[in-house]
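Have a look at these structures, which come just after this line.
Both of the next two complexes hold subunit A, though its partner changes from subunit B to subunit C.
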Partner chain A sequence: MTKGYLHSSRKILLILLTWSSLFVLSGCWDRVEINDLAIVLAVGIDKIEDDQIELTVQLAIPSQMGGGKQQGSGSGGQGNKPTITKKASGTTIAEAASILQQRVPRRIFWGHNEVIVFGKELAGSGIREYVDFFAHHPEPRLRSFIFVSEEKASTVLEVIPNIEQSSSQFARELARFQIGLKVTLKDLLKNISGESRAVALPRLEYEFDNLNEKKGGLNINGTAVFKGDKIEGYLSDKLTRGLLWVRNEVHLATVSFVPENEERYMAFKLLRSNTQLHPEIKDGKWKMTISITTEDDVIENQTNMVLTDPKVVAELEKQLAGEIDERIELTLKKVQTEMQADVLGFAKAFAQKYPDEWDQVKGNWEEKFTEVEIEVTSKAYIRRLGMSTKPQGIPEKELNEE
Partner chain B sequence: METGKISASQLGCMMYPVVIATGIVIIPSITAKYAGQDMWLSPILASLMGILVIVVAIKLHKLYPGQTIMEYSVSIIGKVPGKLLGFIYLYFYLLMNAGGTRIYADFVTGAFFSETPLFVILATIMLVSSFAVRGGIEVVGRSAEMVVPVYALVLTILCLLLIPDLNPKNILPIMPDGLMPSIKGAYTPQSWFAEFFVIAFLLPYVKDVQKAGKWGMISWIFVVMGFMATNLSLLFLFGGELTDRFNYPLLDAVRYISIAEFLQHLESLVMAIWVAGTFIKLAVVHYALVIGTAQWLNLSNYKPLVFPLGFLTVLVSIWGISSEMEAANYSGTIFPSFSIVMQTCIPLILLGIGILRKRNNSG
Partner chain C sequence: MVKRPRKLISSKQTTKSIKEGEIKRDKDVLSVDLDKNIEHIQALYTNASDVISRSFYIAGKQKAVLFYIDGLVDIQELNDNVLGPLMEEDSFDYSDVKELLEKKITVSGIKEITNISDCVKKISSGNPVILLEGSRSGLVLNHVKFEKRSIEEPAAENVVRGPREGFVEAIGINWTMLRRRIKSPKLKRKEMDIGKYSETEVILAYLEGVADENLIKEAENRLKRIDIDGVLDSGIIEELIEDYPYSPFPQILTTERPDVATSHLLEGRFVILVDGSPFVLIAPVTVYSFLQASEDYYNRFIISTLIRWLRYIFLLISLLLPSIYVAVITFHAEMVPTPLLIGMAASREAIPFPALIEALLMEITFEALREAGLRLPKQVGSAVSIVGALVIGEAAVMAGIVSAPMVIVVALTGIASFTIPRYSGAVAIRMLRFPMILLAGTLGLLGIMLGLITIIIHLATIRSFGVPYLSPMAPLQGSETKDILVRAPWWKLNTRPRLTGKYNKYRQAPGQKPGPKHGGE
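Let's look at the complex of A and B:
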């Protein structure tokens, strides 16, 4: 009897002990509830004085985010924007962030930061010192997208976008289209200390629909080219396209040009494209062959050409390739001779194929880069005509059927 | 002393995390530092040490069946030198386990729980491992059998999810400066592979000991594959130079995963396998330490030693290592040399003397 009693009391004790460990499991110094976090969506860094920077963060207001749009639901109108921007200045990002923390009642959390914008002034004086924070701090991710602002970075973050929930999301989605460059923090870290010592970053512009309410939109307009970590110059939108072709990052593209013996334009939509760099060193002469293969669809035809004839299409393919070549050469000229910044990935291509020769020119690659002879050979294939075979709206007899 | 038995396959499962658990998180960075874009080659070179050590341990066990290294070192080189050597081994495995615990805790505090005291993290994992050890070798073996397949699966999935972001061209140029950089890069990982020598403490408790060699090799192959997969993924993602700049490149890589905007923030998986793997590693090495100490002291039961030695390990890992930098420095330079002496050279010498002795006895 007594033995059985003891046994069951031990059992109860054991169960109690097991349950009590639940309390221990929940206790942990780093426990943070989600409603104690201020989630950073985007960071902007501007230079204000000599070694002072201004840090702007865009914080999410969770109650205003949530699924779907709030149009019509409840009060509506102004006042309930889903993000808020806060600023602080300091000599380091960490210092500015801790000053910022004094003004935010929740713990600033970097883990969901997706956009980093550098102001124009900072880009002019060097961004290296301010990249490090994002690789040192345990929270930020290497997948954040990097931009250079047209003016102040803070203005970009303050834009309340007319579409999308936040300007951070706006910029991120634009980058993802790859109409302009798409550079993540990982790419930046890799290139800034990489072989070429040159970095290209997308340039972010803003336009206000309504200046008082700061409503507006963003757009990626061209590229900022950095030598080392300082800005060297800008590439226009058109030249950026050439850069994308060379770097094999073209994703969405339309090419329109006037075919030979025609008056009006024809437009092609890119399906896929592949670029290969073939470096070559012969008798001390450095040469780079860029070969591009693209596949396109006809998407618009303003001419009166009928495209059902394979011979016509073959001729068009040649012209299309030539058009692409021309665009690339414009970019090459600007980047190679004017800026002398190797944002094309040549350094890496040479270093990979000719490691010994590379070791010798490593120190003065900038000089050598300008001497590299470049040949562009593109090949274009027109795969389909879209939904129309003949140009629309032209009487049958005026069509140019060869 | 130990009445439980494990199977050879359980032995294989136990050895896998011993090598890989702490290895995959800190080794790639160390390897990349010396080998650059040849960092994928280093684990292959280093793995040769693994084979050597497994063969030596199994040969020694064949000469003296049913004995651990604590026992046959006495039979081989005599009572006093044997006991002295045994003590040095215990000291070595105590330091090794303390180092391993410290690497674990530094990662957890550095990357996730920055405010939690180091001692709490060290003590909790040691406590869990000690419970497993107290339960006997069967408990350790079965936990390994349970954890390891999940571990390997998660690691594989993580590497697969990285594929869209990989650029295989980063591997070029292959060996521009010859084999030397990758040999230098292999110097630290070889000491991790040499940890296979822990089987010298476990072989007497293997049921089907004739299969131990086979399962040792299977475990070895999976370890090599694990290292290759992580090193190649990191190389293709970051390149050699950037990998070297990160403290825990695997964590950074897994954070980089983003599949369709949806499958991201997967670092909790790294944390999960990190904790699970380290648990097994610590338990296995701690078991070796405890059973070795018991044999060294000629005790009839090893269980009373489990918690005191666990506590000692935690203390050594706090007091012996003052910072994360010191720990990295220790595991990058001192430990590999120490390991070559303890886990490669001395066992080889023991094997040589042992073979000569047996021949003389029979002759």
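Let's look at the complex of A and C:
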């Protein structure tokens, strides 16, 4: 035996010992098997009295939800629900959650929570205190969607949807379409402390097909506008569309109107749209120019116009732009004069371009916001006419060919 | 580094055997007295009745003796071309052995030897030896003939396109396969016999003017250092000349394919052929050599590049998939998309074991199945695979012992490990999978990173005959990646790999890219 040989074998022994202690020392302290997790899919928060809130969580029942069918062959009948809702109340969300944990045999896991619903009453008295939990806790996702319930948040979670597996999935998919507003936890946290001090959240409605079985569906209906963290008022569906245009969040939009000198409607589907805010301060007058460029397809033509003529199309483009302008102005009027809540993102635009002037009005932006002069300039382009250029079902001779 | 005793064993026991078996220096020279020589050789071969000595008279006058081993000699040839002409000769008149050799024996392979140890060596390796009365030298005839396997397609390195012949056990045939591929006299060989008892013939082959002389010298020295009783396969040589014997990664490439050996010779590496083994050794190599199949160079380069990347990806899968699965479902449940997580949770509902145990259980079972399939007689092999597939795939899931996703993970990992073309490389990855699973089960993704970093540091540390194991990626040599990240087309592979081929940089003439306008006006 020589020295070198001993040396290297000793070294290896040492390395092995060090490594093996690693396994013992770490102790797997946060190891949880996935079948020991109660996966939270949605959270609802309602105010019950004074300080007390009621926390409702929707938990997934994995064996009912899909996958691994062979295990549940005996119990996997039709009547079993894929989710379960549990409630607990307390002064803080954390307190309510720990009370909830006493009643759930698996560890409550927030990492897959995708939907947070605030009840109507809570929204009226302020949501800030209750957003904090989700920002503090390491598990909840910043990408979960925020809604305000039409009534109690717990009812929304109890809905057993007829088309998706859970109401959280239902709400999430609706938000993703962006027909209504889409607000994530991250957006909310940013806006609630941002320059404008105003937040817009989508409003979630429910409708029951069968009240006993709680079967039904959800519906994003309009927007709840918050000033600070308290609700100020609601925007209807139509006004919400205007809001989306201004915020450059429009993705799926159908505009239908009656063209001039026609009796019936034409419908356009949005291809893409871009909105730009141009703030301007001139001689102490604050002005905001909203310029919108949209590209659209013709998807329905009830009139007897023939669209092959470029002149007709140009005329339609002008009218379409006017139509969009009109919608936006309706929204602006409501938001600016009635609610006086800047959910349009004006504050940020001004603060970025005119930081010095902004510093002066920061304290009373609410007031200043109402004085801002707004100009909307839309431009619309009709890109595609669809599969038929002529209206269908009308004899050739009656067509309106100019 | 470490000085090791020259002799394998130097105890009292062996001095006796040396006295019996070895020939002392002064007695080694062949004597003029034929009887003395015969006696000497026969004494060495006592109790070895396969060595036959045949006395005869050349032309009825000159006494001679022929030694050969029964079964290693082509008797027919010996009778027709040696014994026949010599014994029939009636007017024998010779001055020395050389004349006899030149005039009478109609055999092409013939050599003169002058000492007894050479005689013994030649007789033992099957060459008939003729000794003559009154001469200090004997004649070695090249009439070796023994039963050997015919050249077949290599079992472990199949190709769809490319040469189908593989090395066999006989070193002579193996050498001819190399010689047939490199006809240039620059192909050189250094011969040596390794093994005190086996005296196995080992050939160190290289291409003069391409391979580094110092490298060849180093390889020769390392081979000469070996003092062992027998060499049964090239694997024994491999373990005795490696740079880092404790590493799980092989630093010497083995191949059964003469075309692979040739291609490495052309890149300035050396090849070690060992008698009795169809596997030749190639060094110095890098980790990428284990991920390259010979077919990469015969198929179209675009396809080969894609296949190479497929192998790189599946190498990672083979190493990491079970550990990532374990880490994610025990520590990082938030990383999995919700529907997938719920699906996995559902399939784990009734599983009694933690994911770590489940993974180890399945992986070990799979390794056992593979090992059993390898060792079992071919007729039983299919039974094992059926039992394996049914028991592990179906029944275990049905019985709720393992979850279905785990079966998928293990199966995918198994397939992935087969995409590594070199068996010795695949084994290393297979082995490292287990510590990785343990790390993942105790420390989560952090553990996986820790394990990966350790492996990469280790890979960056080791060298194969002076060539960094990760080169040319670390240290990075941009132009060398043409044969690593992609398989550049042949008309772009103008230079040899720098670290082994820098002594003869250019492999071919530049500008050979073909096209409709090239070649012929």
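Basically, the second predicted complex is superposed on the first by the 363 of 402 C-alpha atoms of A that agree within 3 Å, B and C clash if a C-alpha of one lies under 4 Å from a C-alpha of the other, contacts with A are read in each partner's own complex, and residues count from 1 in each chain.
One rule holds for everything that comes next: a residue touches a chain if its C-beta (ideal position, glycine included) is under 8 Å from a C-beta of that chain, and two chains touch if they have at least 3 such contacts.
The structure presented is a predicted model; accordingly, all values stated were derived computationally and were not measured.
A.B. asks: Thinking of the overlay built on chain A, is A:252 touched by subunit B (first), by subunit C (second), by both, or by neither?
C.D. replies: A:252 sits against neither subunit B nor subunit C.
A.B. asks: Once the structures are superposed on A, label A:30 by its partner contacts, choosing first (subunit B), second (subunit C), both or neither.
C.D. replies: both
A.B. asks: Subunit B or subunit C: which reaches more residues on subunit A?
C.D. replies: C
A.B. asks: Should A:111 be classified as contacting the first partner (subunit B), the second (subunit C), both, or neither?
C.D. replies: A:111 sits against subunit B and subunit C alike.
A.B. asks: Touch check for A:143: first (subunit B), second (subunit C), both, or neither?
C.D. replies: Once the two structures are laid over each other on A, A:143 reaches subunit B alone.
A.B. asks: Name the contact category of A:94: first (subunit B only), second (subunit C only), both, or neither.
C.D. replies: A:94 sits against neither subunit B nor subunit C.
A.B. asks: Go through the superposed model and pick first if A:48 touches only subunit B, second if only subunit C, both, or neither.
C.D. replies: neither
A.B. asks: What residues on subunit A does subunit C touch that subunit B touches too?
C.D. replies: Dual-contact residues (subunit A): 28, 30, 111, 141.
A.B. asks: Can you list the subunit C residues touching subunit A in their complex?
C.D. replies: 1-4, 246, 329-331, 333-334, 338-339, 341-351, 354-355, 397-398, 400, 403-404, 438, 441-444, 447
A.B. asks: With touch defined as at the start, can you tell me which subunit A residues reach subunit B in the complex?
C.D. replies: 28-30, 111, 135, 138, 141-143, 186, 189-190, 193-194, 351-353, 355-356
A.B. asks: Going by the contact rule set out above, which residues of subunit B touch subunit A in the complex?
C.D. replies: 110-117, 120, 169, 172-173, 176-177, 237-239, 241-242, 245-246, 252, 255-256, 258, 264-265
A.B. asks: For the complex, which residues does subunit A have touching subunit C?
C.D. replies: On the subunit A side, the touching residues are 2-5, 8, 12, 22-23, 26, 28, 30-35, 37, 39, 41, 60, 62-63, 65-68, 70-72, 109, 111-112, 114, 139, 141.
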